[in-house]
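What follows is subunit A paired twice: with subunit B in the first complex and subunit C in the second.
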Partner chain A sequence: MAELMAEVVIVGAGPAGIRAAGILAAQGLRPILVDEGRQAGGQGYRRPSPGLALDMDTLMGTEAGKYKALHADFAALLNRIDYRPRTLVWGIEDRRLHCVRDGRQTTIAFDALIVATGAMDRIAPLPGWILPGVFTLGGAQAVLKDQGCLVGRRVAFLGASPLLSLAALQYRKLGAEVVAVCDTSSFRDKIAALPQLAAVPRTLARGIAYLAALKRARVPLFDGVTPLAIEGEAGVTALRFRDGRGHERRIACDAVALGYGLKPETQLAELAGARFAFDARFRLWLPVTDEDGRAGEGLYLAGDGAAIGGADAAEASGALAALAVLHDLGLRSEHDERPALRRRLARLRRFQQGLARAFRWPVAALARLSDEVAVCRCEHVTAGDIRRAMDADLGPVDVNRVKAITRCGMGRCQGRVCGPALQEIAAAHAGLPVEAVGRLRGQAPLKPVPLGILEEEEA
Partner chain B sequence: MTMRRTDVVIVGGGLIGAWTAFFLARRGRKVVLVEKGVVGAQSSGTNFGNLRLQGRFPGQYPLSLRAQALWEDIEELIGDRCEFDPSGHLYIAFNDAEREKLEKYAAVSESHGLAIEHLGAADLARRYPWLSGKAVAATFSPRDATANPRLVTPAVARAAKALGVEVVEQCTVMQARREAAGFVLETADGRSFGCDHLVNAAGAWAGEIAQMFGEGAPLFPAGPPQFVTEPFPYFIRPSVQAVDGTVIFRQIPRGNVILAGYPRTAADPIRNRAPVPPAKTLAAMRHLTAVVPALRDCHVIRVWSGIEGYLPDMIPVIGPSMTTDGLFHAFGFCGHGFQIGPGVGLCLSEMICDGSTETPLDPFSIARFRGAVAEDEKFRREFDLPAAAR
Partner chain C sequence: MAGGDNGASAAGEGRFVQAVPREAERVRFTIDGKSAEAQAGDSLLAAILVQRPVLRRHEFDGGERAGFCLMGACQDCWVWSEAGERLRACTTPVAAGMAIVTEPPAERFAHGRAHG
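Right after this comes the complex of A and B.
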């Protein structure tokens, strides 16, 4: 039974990580489940802080059932897994994770690693986006679910994402005034994506229902929007844009939630040895895996951190990754669920490809982004700084070199926020396809680590 | 296939190659600078940025001081300051044995005309109140400086280009030989170059070029780990170094603190990798907070290293080949090539144009590797590799 002693570590306690843990525990393994958050659930199924009485049934709406089921399953798992919350993985070396927990260094050895680190917002800069009061769409949702806070009283939602209308509804339910939902993609984009979206009719219907609910509530909805600027001095005071019919509008607000879909958090997978390939549908570099999530020797990827798929796909791919681990350890089960899971996952991911089509990443707008707009907010590097550096004799083309010369992507977030925009701006300026300007390479620490970190305690 | 003929070909577009090209062009030579990747992206672009004069190999002072004068003139020379900052360098000792070592270094520096301030614990507390009491003594050299390595090499190469140098990027030299009419080089993309003089400035890869001419040096590729923090209010002006090598740090006016520390880690020049083991990050952080406690809550945001060539006696090879007329080597800078870079370029240009240079370079001849070379104490102490790896 040597295999049973194999140490399986899962990073990320979202739907992918929790499902993976459940399957491993059912086979008698005791996986270690690590998450930097205080509570399990990940992003979509984030739970309110203890002691905060939020009406999650109302907030989660049609997804309340799944939300409750996941958290109930997790609670039932707790005594069969080694769950380590508040534990940030910041580095990896020789099958050992380096983590910081409550200010102290810890390491975790593993034989197999499931990386289920989820996703974050993809952001397209526009004039004024670094003003106080501008939040990423996911960030706006996170403070709402985690702390019951609103990013503002009169909030505008801007970008291209199905989460735009969901977040707007959630904000409305908690008492914010939603002054506008501005979708930069057009109705035509959505029609074109219908065949792929029809792969998952239930989710498609849900998206339409959100929009209908916003309409009923007389929330101003715009599509085919061209964002012009977020205005304000010390903070946001208005959003200015051109609507689908070409009329310029200025809507007063005190906060803007901004998002253009999600991008996977792949830094840990990268440091663990995953290879990357450019995916033209998402215009993102994604880690290369087989259909069950294998990305290398003892390395498995699941959930939105492998490929954007949403919560249902995260659960399915988490299960698949765990089954792959078991399979590779020689622990096959009688009844093989993998073929069914693979079919389900393929269908869910097809739906996501439809979403990427319906809610377009604004490639052309980024190519035209005016020179004075900051692209990297950590280091305050503007689009003009990038272009000027590239124009210099012997100037850089590859984004890693652009970063070295301009500091774009060199700050606290390590290019997580500005990376996708940098790629588009550099590619457009060089007149090259976006994949030809390369991919920002990740480096430890995955997130900032305090200098005063305490030493590891003897085990 | 036609061969491109020129006076000098320089293999390697790092700092050494770029400065050599620049000074040769100023003397009217036709130069082609061949770089396998892009200019200044290896060691020269990833280094710590210290232009340290204190504590150098004694035989290097004439070269080093000549180089510093060029750095001090950099804006005049190439039209770009590259964040050159005469911030001074504080060398600190944690005990009496280290203090003695500092005093010895200082005596050498002073014998070459460098002004050194000798500071005791009380001076340190007064001048640098942010230093913990751990440091018992220090020497301060006001002429030491720093510059931004990410900017310098491209800027020098641009200036060289403006003087007529042809800079060829993404071009790997695969073969080089000496024929009656001069050198013939072949590159991976099928080009060929002919020249009268050849400069081997190929950094950690220079051993391969030397071997093409039947000579070598025991070059060992390694990378000193580097770390940088988020911006913090600017309060550390000089560049600071513990004489035991555990921590070297400087703050840039933007606020980030850059830190480094020995031991160095083996690097892989073939796969182009210079790993930084997490344990080193932790050790560097611990050492820095011991010296500057105020930084305890500051965060490290990124680590990196680079691929540098080291030689067992911890000094570079600079000068003519022993096997082939017209071939000059400049490699194996053992972690201190940034400071002497402009000086090395100037000396090479003089050797090529005038047949000799006024700067004494005898200790750096490749001839020393014909016999057994004694390992420097630093080579034993400042790397963490299995002995077999060497």
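Right after this comes the complex of A and C.
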């Protein structure tokens, strides 16, 4: 029974990580489930912090059942797994994770590692995006669920994402004035994506229902929008854009929620040895896995951190990754659920590819981004700084070199926010396809750790 | 309700709106020496932004910041404890007696305002 002693560690307690933990526990293993957050659930199924009188049934709407089921299953699992909240994994070496918990360094050894680190918003800078009052779209939802707070009183939603209309509805329900929902992709993009979106009719219908509800509530909806600027001095006062018919508009607001879909948190997978390939549909570098999530020896990836797929795909891929671990440990069950899960996952990811087509990352707008706009909010590097560095004698083309020279992507967020924009700006300036300017590499520590931890590590 | 072109976060008003009440203990803390109140369970970021329009001033560009990602990824919301410990405001819960400083310790030393 040596296999039963195998230490399986899961990083990320979102839907993917929780489903993986459940499958391993059902086979008698006791996986370690590590998450930086204080509460399990991840991003989409984030729980209110203690004492908050937030009615999650209303907020989650049609997804309330799944939200409750995941949290109930997690509660039932707690005494069969080793759950370690408030634990950031910041590095990895020789099958050991370097973590920091409550300010103290710990290491966790593993035989198999499931990385289920989720995603964050993909951001396209525009003039004024650094003003107080501009937040990520996912963040605007996160602070609502976690804190019961609205990011402003008169909120505009800008970008290209199906979560724009969902977030706008949630904000409206809780008393915000939604002054505009501005989608930079066009109705034509949506039509072109219909064949792929039809892969999951229920979710497609849900998206259409959100838009219809916003229309009924007379929320101003715009598509085919060209964002011009977010205005303000000490904070946001207005959003200026050209609508789909070419009319310039200026809408007063005190907050903007900004998001162009999601980008996976792949840094840990990268440090663990995953290889990457450019995915033209998402215009993202994604880790290479087999259909069950294997990315290397003893390395498995699941959820949005492997390929953007949403919560349902996260659950399915978490289950698949755990079954792959069991299979590789020689613990095979009689009833093989994998073929059905693989089919389900393929369908859900096809839908997601449709979303990437319906809600487009604004490549052309980034290529044109005016020189004075800051791309990197940590180090204040502008689009002009990037272009000038590339124009210098022997100026670089590879984004990692551009980063070293300009410091764009070197700041405290480690390129999480500016990375995708930097790649587009560099590619456009070099006149190359975006995959030809390289991929920003991640490095330890994955997030800033308290002073002293790294020195301790070296000692 | 504030509104109009000046935005709602003009003069002293908070940027965030607490849309849902919380059943929790009240806690007192300070922001840059000024006393403030919050509830147990509030994140530092929410506790500060429901009463102020901004969190801090950026070290390089001097512009005001109020956080961005609200999920622990961008590190735009750092504040410090009086003792100099760095705190990520969006993921750190407020606690009774916290003394929060919105300027990095080095700058406080530079301005001769820090005490040990």
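Definition applied: the second predicted complex is superposed on the first by the 451 of 459 C-alpha atoms of A that agree within 3 Å, B and C clash if a C-alpha of one lies under 4 Å from a C-alpha of the other, contacts with A are read in each partner's own complex, and residues count from 1 in each chain.
Note that a contact is a pair of C-beta atoms (placed from the backbone, for glycine too) under 8 Å apart; a residue touches a chain by one contact, two chains touch by 3 or more.
Computed from a predicted model, the values in this text were never measured in an experiment.
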{"item": "Which superposed partner A:150 touches (first subunit B, second subunit C, both, neither)", "value": "second"}
{"item": "Touching partner for A:135 - first (subunit B), second (subunit C), both, neither", "value": "second"}
{"item": "Partner chain in contact with A:412 - subunit B first, subunit C second, else both or neither", "value": "both"}
{"item": "Contacts of A:65 with subunit B and subunit C, given as first, second, both or neither", "value": "neither"}
{"item": "Per-residue touch tally on subunit A - higher for subunit B or for subunit C", "value": "C"}
{"item": "First, second, both or neither for A:235, with subunit B first and subunit C second", "value": "second"}
{"item": "Contacts of A:201 with subunit B and subunit C, given as first, second, both or neither", "value": "neither"}
{"item": "Which superposed partner A:450 touches (first subunit B, second subunit C, both, neither)", "value": "both"}
{"item": "Which of subunit B and subunit C A:54 touches, first, second, both or neither", "value": "second"}
{"item": "Residues of subunit A that lie at the interface with subunit B and also at the interface with subunit C", "value": "411-412, 448, 450-451"}
{"item": "List of subunit A residues in touch with subunit C within their complex", "value": "36-38, 43, 48-54, 103, 120-121, 130-136, 138-140, 142-144, 146-154, 174-176, 232, 234-238, 252-255, 265, 374, 377-380, 411-413, 416-417, 447-448, 450-451"}
{"item": "Parts of subunit B lying in touch with subunit A, wherever the complex brings them together", "value": "38-39, 41, 45, 150-151, 154, 157-158, 161-162, 167, 169, 229-230, 275-279, 281-282, 285-286, 288-289, 295-304"}
{"item": "Complex interface listing, subunit A residues touching subunit B", "value": "90-93, 98, 105, 392-396, 398, 401, 404-405, 410-412, 414, 443-445, 448-453, 455"}
{"item": "Touch list for subunit C against partner subunit A, complex", "value": "1-9, 15-24, 39-43, 45-46, 49-50, 53-55, 58, 60-61, 63-76, 78, 85-86, 90-91, 93"}
